[in-house]
Amino acid sequence: MKKLAIRYLPIALIILFWEFASRAGLVSQDVLPAFSAVMVRLWELSAGGEMLVHVSASLLRISSGLGLGIIVGSALGFLLAASITAQRLIQPTLTFLYPLPKSALIPVIIIWLGFGNSAQIMVIFLGSLLPIVLGAYNGAKGVENTLVWSARSLGANAIETEYQVIIRAALPDLLAGIRVALALSFVLLISSEMVGAQQGMGFLVAFLGDGGDYAGMFAGAFVISAIGFAADRAYLALYHHLLRYREA
Amino acid sequence: MTNTKIKFENVEFTYIPPSGRPVRALERLSLDVAENEFVSIVGPSGCGKSTLLYLLGGFLPLEHGEITVDGRKVSKPGPDRGIVFQHFALFPWKTVRQNVLYGLERKKMDAAQRDELAQKYIDLVKLTGFEDSWPAQLSGGMKQRVAIARTLVTDPDVLLMDEPFGALDAQTRGILQEELLAIWGLTRKTVLFVTHDVHEAVLLSDRVIVMSARPGRIKSTVNIDLPRPRNSEVTRSQNFASYCDEIWGLVREEALVASGIKT
Amino acid sequence: MVAQRKILNILMGAILPLAVIVLWEVATRERLVSPFLLPPFSRVMVRLWQDIVSGEIFSLAGQTFLRLAISYSVAVVVGVTLGIMMARVRFVRWVLDPVISIGLPTPKIAFLPIFILWFGVFDTPKIVMAIVACIFPLIAGTWSGTQGVDKYLVWSAQNLGATRRELLLHVIFPAALPQILTAMQVALPIAFIVVIVTEMLSGGSGLGGSMIEGARLADTARVFENLIVIGLMGFAFLRALQILRRRILAWHPEVLQEKN
């Protein structure tokens, strides 16, 4: 506990300095609202229920988009690893598409699907797909042949082998791919909500900023950071739980 | 009596692991090594024999006692005490030649002289033709040859060797032992050689120090009175076998203590 | 035999993109899809050709490239320096460690409106945003690279007479290089994503700005044209980094094994 306090002391000092700089007038309140003012706005926005509406809209989008990405991406990745022909057909295209900055898809999706939920879900789905495909593919490809053989020799049929051995052994790479996709999903969620949406955290922050409510804008940015941070930590906990057999 | 080259006086060292209790590695250890002498240190695992070398190398802080080389106190690492590690520790981003040149580049010397000297030592360890190879392209034995050349080229006063052949296969080890004997015959450096291979210690040394289980102290000293120059022929002699037996018996006792079977 | 195999692989890899293009062209020509949703591939290509001839596309791509190049180079230089300072200076480590542990996993893009408030709507907020977004993996990667340096390598250098400065330059930095390059490969797509988004959000043209304008004006061909150019740029940049990595790490087993 004490260790944690010392570790995060610099953060506390930065916040203190911020509060001081703003209150003492070193910087204008219009440029940097005081930390306490941001906290007050955070409370108001939360108590009024406004924050909850936007947070839940964002969470719905990211969970649907990323969820779809995980299902389709891992299926595609395993398929690719299982078939040489599929690899030869698909891999060059994937290699080419992988470095495309996924935010460039936002305008295309807006044309196709407009400004509703489905547009953001689609952007997140497409953006998260490739890291997951690659994770599943690398993991399944890297499975040692001896593992597969020993499962077969113990009497597992092909489908059982696929499930028992390959998916389990591919898990570390797959989970690492999903972590990359999770971070990417947040960036795409917030970006696409800023570009075109009537709801969601990205929309809220941009909207408050346009309206001159800078304390509210800071509050919104902190809520997004907190959610992103919490999601990553929660995922990391799940990751270690699923891979706990490796740490023994 | 010849000159004392290296002197350990009442040296103590306590190792503090990142988590867990401090471990007393060395206790009141004193040892003299004479000029041009080849001394090996053997003992059970964890008896602090490598720690002794690292203290002499100046890599670990000495907390109690004193270590001197030619009467000068050791306080930090320096090229006067060249060291060869078990796992070679070559710079992987430098070629064989660049590795050998590294120590020379830290000295004031003109480039042509440097290159000539480096080539001489690369030839000495029989790596002619591999000058521009990366360490990752070499076998373990070749890597250790580079490490030996890199250390010898700077002409250190004393040579410290930390289980230098411990990571090599048996054949390679045998070859390198003989070559070390030959090189030592040419340079006659003062050598402090740590090993857990009793056979190796007897083959190479003038004197073998047996250390006790932790905390490390000197249990006994055995003078190896075998004729020089030596090569692997010497291992067939009756004397060689009895030296090995004697030292092995001493080490075995300590290994049993260390493993908690006997106190 | 090997050459034939290679050609076969390239041909098989080309099947999917060619099929997509043919399907795209046929479906749009036959009016199965509205040209507003998807203009024919040929029309997108003609558009691209016109803009190449007029130089328009180079001016757009140039703006985007400049923003990306400036923000990415600043992030690499500052990030690697901070990462190495974290390894060497206790105070820097004390301040940055919690900042990194919180900042790395958070979506920095949320702070874009704040940067627009601070730096206006021109190049500065875009560049600052991209730096902030991609510098965390660079600092963290460099720092963790310096952590794993084999102590025997450090000792060897000290033993051969290296000073503190030489130790940093000759041992710690090269030992951290594989991880620094990995961090650079992670950071580049992040910077690119962010530059495109900021162009969409706060004007200032560039490929991102042109795309969003195309979407507003229902000029779908322009959106696809820009998308293709952005895709090519992304591919080219990552490829360039891969080649750089192979050059710099010529000594590394990962590269030496590949050669064999």
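When the chains are written out, they are named A, B and C in that same order, and each has its own residue count from 1.
Here is the rule we use: a contact is a pair of C-beta atoms (placed from the backbone, for glycine too) under 8 Å apart; a residue touches a chain by one contact, two chains touch by 3 or more.
Being a predicted model, the structure only gives us computed values, none of them experimental.
This structure's chain pair with the greatest number of C-beta contacts is A-C.
Among the chains in view, C has its Cα centre nearest the centre of the complete protein Cα set. Note: centroid distance subunit A to subunit B, computed from Cα atoms, is 53 Å. Distance between chain centres (mean CA atoms), subunit B to subunit C: 49 Å. Centre-to-centre separation of subunit A and subunit C, using mean CA positions: 18 Å.
Touching subunit B in their complex are the following residues of subunit C: 150, 152-153, 155-162, 166, 170-171, 174, 177, 250-253, 256. Interface residues of subunit B facing subunit C in the complex, by the touch rule stated above, are 54, 57-59, 76-79, 81-83, 85, 87, 89-95, 102-103, 106-107, 134-137, 150-151, 154.
By the touch criterion given at the top, residues 7-11, 14, 31, 85, 88-93, 96-108, 110-112, 183, 186-187, 189-191, 194-195, 201-202, 205-206, 208-210, 214, 217-218, 220-221, 224-226, 228-229, 231-233 of subunit A touch subunit C in their complex. Per the touch definition, subunit C reaches subunit A in the complex via residues 9-10, 12-17, 36-37, 94-95, 97-99, 102, 105-107, 109-114, 116-118, 133, 189-190, 192-197, 200-201, 207-208, 211-212, 214-215, 218, 220, 223-224, 226-227, 230-231, 234-235, 237-238.
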